[in-house]
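Supplied in structure tokens, the structure appears directly below.
Chain lettering (A, B, C, D, E and F) follows the sequence in which the chains are written, and residue indices restart at 1 in each chain.
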Amino acid sequence: MRREIVSRLRKEYIASILAKGERMDGRRLDESRSINIQFNVTGSAEGSARVQIGKTDVIVGVKMGVGTPYPDSPESGVLSTNAELSPIAAPNFETGPPREDAIELARVTDRAIRESGAVDFDSLCITPGEEVWMLFIDIQPVDYDGNLFDAAEIGALAALMSAKIPYSRMEEGAEDKPLPVRCFPVSITAAKIGDSIVFDPNLDEEHLADARLTVGVDENGAVRAMQKGLSGGFTREEVGKIIRTAGVLGDERRRLLFEAAEEAGVPVPR
Amino acid sequence: MRREIVSRLRKEYIASILAKGERMDGRRLDESRSINIQFNVTGSAEGSARVQIGKTDVIVGVKMGVGTPYPDSPESGVLSTNAELSPIAAPNFETGPPREDAIELARVTDRAIRESGAVDFDSLCITPGEEVWMLFIDIQPVDYDGNLFDAAEIGALAALMSAKIPYSRMEEGAEDKPLPVRCFPVSITAAKIGDSIVFDPNLDEEHLADARLTVGVDENGAVRAMQKGLSGGFTREEVGKIIRTAGVLGDERRRLLFEAAEEAGVPVPR
Amino acid sequence: MRREIVSRLRKEYIASILAKGERMDGRRLDESRSINIQFNVTGSAEGSARVQIGKTDVIVGVKMGVGTPYPDSPESGVLSTNAELSPIAAPNFETGPPREDAIELARVTDRAIRESGAVDFDSLCITPGEEVWMLFIDIQPVDYDGNLFDAAEIGALAALMSAKIPYSRMEEGAEDKPLPVRCFPVSITAAKIGDSIVFDPNLDEEHLADARLTVGVDENGAVRAMQKGLSGGFTREEVGKIIRTAGVLGDERRRLLFEAAEEAGVPVPR
Amino acid sequence: MGGKSDIRLIDENGIRIDGRRRDEMRPVRIEAGVLKRADGSAYLEWGDNKVIAAVYGPREVHPKHLQETNRAIVQYYYAMAPFSVDDRKRPGPDRRSTEISKISAEALENVIFVEQFPRTTIDVYVTVLQASAGTRCAALTAASVAVADAGIPMRDLVAACAAGKVEDQVVLDLVKEEDNFGQADMPIAIVPKTGEIVLMQMDGHMTLDEIDEAMDMAIKACYDIYEIQKEALWKKYERLAEEEVV
Amino acid sequence: MGGKSDIRLIDENGIRIDGRRRDEMRPVRIEAGVLKRADGSAYLEWGDNKVIAAVYGPREVHPKHLQETNRAIVQYYYAMAPFSVDDRKRPGPDRRSTEISKISAEALENVIFVEQFPRTTIDVYVTVLQASAGTRCAALTAASVAVADAGIPMRDLVAACAAGKVEDQVVLDLVKEEDNFGQADMPIAIVPKTGEIVLMQMDGHMTLDEIDEAMDMAIKACYDIYEIQKEALWKKYERLAEEEVV
Amino acid sequence: MGGKSDIRLIDENGIRIDGRRRDEMRPVRIEAGVLKRADGSAYLEWGDNKVIAAVYGPREVHPKHLQETNRAIVQYYYAMAPFSVDDRKRPGPDRRSTEISKISAEALENVIFVEQFPRTTIDVYVTVLQASAGTRCAALTAASVAVADAGIPMRDLVAACAAGKVEDQVVLDLVKEEDNFGQADMPIAIVPKTGEIVLMQMDGHMTLDEIDEAMDMAIKACYDIYEIQKEALWKKYERLAEEEVV
């Protein structure tokens, strides 16, 4: 009971400073936390990355293997995205088969990659109708301090950029080739708390949030994916503003991704 | 506690009028509720039917696909029958994998169809040992007011009668052909309440029933399937009487099925 | 509460007599209970055995079938070992998928057989890379009075010794041939209670045990498998002594196995 | 989204594959109170989609640890009947239906007075009997009527409709072929009285202007859906009234 | 049922594939009280069937929501050992065993005084170690003895046996080949003292007259089984008495 | 174990495939307190193995029937990330990880003062991010540091290392190729203060003398590991002290 009163007071306080355009950690409402992207963090994966957005920490691995294409797309590689919300990352996460939160995280990340055409799946065909490359993106948060959506998506993109198709495993002497990535969608998440919209919400802000909107924008400013969450509503205007701000923040984050990639010797377009 | 007393009184009352040969809803002991059979209720299925017996309402869909035969019957199509007791149909039904009630319903329906030879599985062979037609019967009750066994079985039979083998999906230009049904087993269920036997029990009667017997009879009066349920017992004589009455009721219900089929333009024998 | 006191008293008493080198059932600390081994106890298995160590009673069946080899060992048969801790054997065993106790029992038995090379898996190849014999060892305890590890392992070995490769099932007229067993590892389990080490612990002793060590020794005195269990620790010296005693007890048990086999007409080396 | 097709999905007169204009919705028919056992229910046909929804509650929560001390929880179970699609769907929830159930529950929670029923659950079951794109909007629209039919206090209904992009044009309410071979799909659900957006997803490719146009189109359609929902409930109440007179 | 075979299952002298006459049962042997840990147990051989049954209870129900306030519940777990059949059976319940467990539990409930033990469960576990048709009757027959061996109050035992139809003749207690290639199988269980039928299934094809004949044959056999059951319990009590004397 | 290989795993100078001597351990690096949300945590690199461990507790037990009235239970969850091995590992526990979790929990229970926290659980989660043989020892070593980092009262740490047999020679800390093509592997964990062995497994083929040599080698290595563990915790405390000063 007392805890509830405290948390209600805390919520009121945070909402009041948000109304003044301030956040607990000093950020502007439309400001992301600092982001740190490392490439090739695990040698057993074909590609991997570790992304830290503030204290949120996510490892993404890309594995590739040879498999059978779907009958309705016999010349396309197959993408499978999975997220494991292990208790390592937060005390309330549970072991066992993925629950709705993990499934939503995986599916939203999957769509941002798949629907943007970031990967040319036709280039992953080995023998039409028989053998194609299977592409597994595995998302493993290790510390959860809010906004897993953005961390997972940029991590998936970075892991793909660093991935090498393991031709050497198929044929002795063959050379592994970089997996071509041709579109760079970036997910930007906003949360609505009271009447304020904050971007890149941290854990405290997520707990207070009434509604959430994740927008995936590409390097041409086009929207590639959206996902609204939580039971609160957005007005028509709020959605419009979030999408436009997401474009700006997305460009910034994409620039940071490319910088980190260049530093790590990972190929970058241009 | 009080509810228990009420329900005991209710049970005693119903038993007492049953002893006089009367039922709460005015039917004779050996009388079915009115039955309504619609064909082709969902366009995505190869065959389908909706059966209402009183307020009990069941939708059955037949799907067909190409698959591999069992090694021990390389020239036979494969039948798989499944029942989903979704909470849509009753507040005490639960989501999740099928429990014993759903499994019993599916298996009893399956045996009535399979063991009667209603479908000529040999005619469902495409390439011996390699490709055969898989026949899926899916039973979806949407309102449960007693006697799912009979509704599911007549629904399965009706759905099969309306089914078309989708040859056009295998080969461009090929024509779909009606699935040949060559035997018309009808399941009739009786319940024992006290010393009375009632046919086509409704939900109230099922709650009071000590024992249940479902008998599948074909158009030649032969018995094709039986299933006893609940912990009460039947005497040797009661079983004999139920089987004989089932033959009469089965003929009547088969006539209603054929009438409904004719009206709907579904092929009927004779 | 009172039960706990009783059980603590009982534990103290047993520990005190163990300290004097005595056991409740009159055995020496390093003495096994009497063992009874029957072969071919179920005709539907390719090989089977029933092992009783004291009141502990385990049935092991070996089934063989044709399957695909693993890609990384295309010329080797496949072994799969499974244990079912059915409530038949003990009131606290539960139905459902195998839990950690059943999995540990199966894996320890599997390793003792697999790593000792008891079975020549290369002789189980039918067509390299395509067809090999699958070997299933299924362990079914029916009465549990302590030390399932030893009973399961000797049962698995006996079942393998009695097994016949069912060539007749592959080809009309072909003859079934005995499965060649070429190494005879025997598992010996010790338990530490207080400062005493007892061998072949019965159920009472298992309940009191702080630590457990199972040692698999072959006919040449070499160690083929070990597994420590429970949260207590062993000293370096205790482990050394257990291994040496296991060698002696293993020889004795192997002799009993061979005697029982000879009596049953099951081929025995030498 | 993003599949390839040789089919022209919109002809030179702006007419779509099923004869509709760009901003035209498929015909929608809703019937409330169709089931005997459920506390509330609705049957909906939306083009070739057929959906049935049943609602129970507020009722006890099992298992107990899911209880919320200060409000009812809303549990939503979206399911597709095995025979609702061309290739038989295996029964039981998959990842897609789990996600749809999650966001649909969140949308419904918005309009139900959950604070009035602490420690209880409101269970919404929707089964798609025949599917032809747009089933999540059809399901949520039906579910909303079923909740109202159950007499559960709500501040409004939820109405849903999708817009998307086909052959570089923004269109309303995509049909199966458009969903398979189009460029974007964006399902939206709103609370009509306030205009708030309570469900929103999108995948594919749309410019900011296209998003704006699609949002306008979908929201407008939600208001049409809203009228059909209210009419269905109205008819149900009339039916009840008549029965009482009799 | 209904498979095809070139094998003659009954010869011109009316002798079946395993040498039995039409109305002859396979040899049945039952031993009660074979296990140490179980509250009650039985081992049964019926032709080539081998079955072991263990019973616990009345004991606490987990999970609690399965409790019945006015009686004990009976839970029956029929299982086949992986090595009990020609093709290894994967462990764990399948649909067939779930159905058998359900109807067998119902049959046993008939004879157990469940009202005497409210809020408890009586758990019956039966595992088939070797199978050759008729395992559900063998299992229920053994289970019934194991319940009695556990000292659980019963008004009678349950005895089971099947009859069926092979080459147009009604026969008792089908063996594997007859089950595979015969025309009908009808397992029955009765409460011998009253003659009530508490388990009954049938599939295949039988005329009314054949059903009558098969019922008579199976019920008569159940009474033979009953004698074997009682004898097994008798021997167990004798053994106990002897042990006590010693 | 027991695979075949044409590779020479130890050369004529006694140097192993990765350049180590017979009794040489791979380099081990441990960092304590690496996570924000966990009560305690550790990151460990051991040759090419990379492992992360998180600890929560003592905290409430769910489901309740797992509670022990007189002590805390220790639950250990060993997992391999799907991308930690050459062929992607399907998520979720398999039989191998279940066994490793069981024996590792038992080993940790030895050093935790579980009696101090009745009715609670101490939950240990270890995920292998990159695997190259010896992961169960690496995981347990990291887990032990994470438990200490969580401030849970312990009488000592647990330190683990394997020894084994390759080309007829006893070697310490097998690397992947040695594990695949060697003759024996024997993981050991000890409580350094007392020298007690709390985890021990072995498979393959070793004579009694080889076992003795391997045990000596592994136990000696555990003491080296112990120093690295203590240093990691020391550094963490220094870091905390510094932060407090600031």
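We adopt the following convention: a residue touches a chain if its C-beta (ideal position, glycine included) is under 8 Å from a C-beta of that chain, and two chains touch if they have at least 3 such contacts.
This one's a predicted model, so the numbers in the text were calculated from it and none came from an experiment.
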{"item": "Common touching chains of chain D and chain A", "value": "none"}
{"item": "Chains contacting each of chain C and chain F, listed by label", "value": "none"}
{"item": "Most widely separated chain from chain D, with each centre as the mean of CA atoms", "value": "C"}
{"item": "Distance between chain centroids, defined by C-alpha means - chain B, chain C (Å)", "value": "49"}
{"item": "Between chain F and chain D, distance of the C-alpha-averaged centres to the nearest whole Å", "value": "51"}
{"item": "Per-residue overlap in chain C, given as positions that touch at least 2 other chains", "value": "98"}
{"item": "Graph class of chain-chain contacts, one of line, ring, star, complete, other", "value": "ring"}
{"item": "Circular arrangement of chains, read from chain B onward through chain D", "value": "B, D, A, F, C, E"}
{"item": "Of all residues in chain C, those that touch chain E in their complex", "value": "41-45, 48, 55, 57, 59, 61-63, 65, 82, 84, 86-91, 95-98, 136, 138, 140, 142-145"}
{"item": "Touch list for chain D against partner chain A, complex", "value": "1-3, 70, 95-96, 98-99, 101-103, 106-107, 109-110, 186, 190-191, 194-208, 211-212, 215, 219"}
{"item": "Contacting residues of chain B [partner chain E, same complex]", "value": "4, 73, 98, 100, 103-104, 106-107, 111, 114-117, 213, 218, 221-236, 239-240, 243-244, 247"}
{"item": "Chain C partner contacts - residues on chain E that touch it in the complex", "value": "35-39, 41, 48, 50, 52-54, 56, 59, 77, 79, 81-88, 91-93, 123, 125, 127, 129-132"}
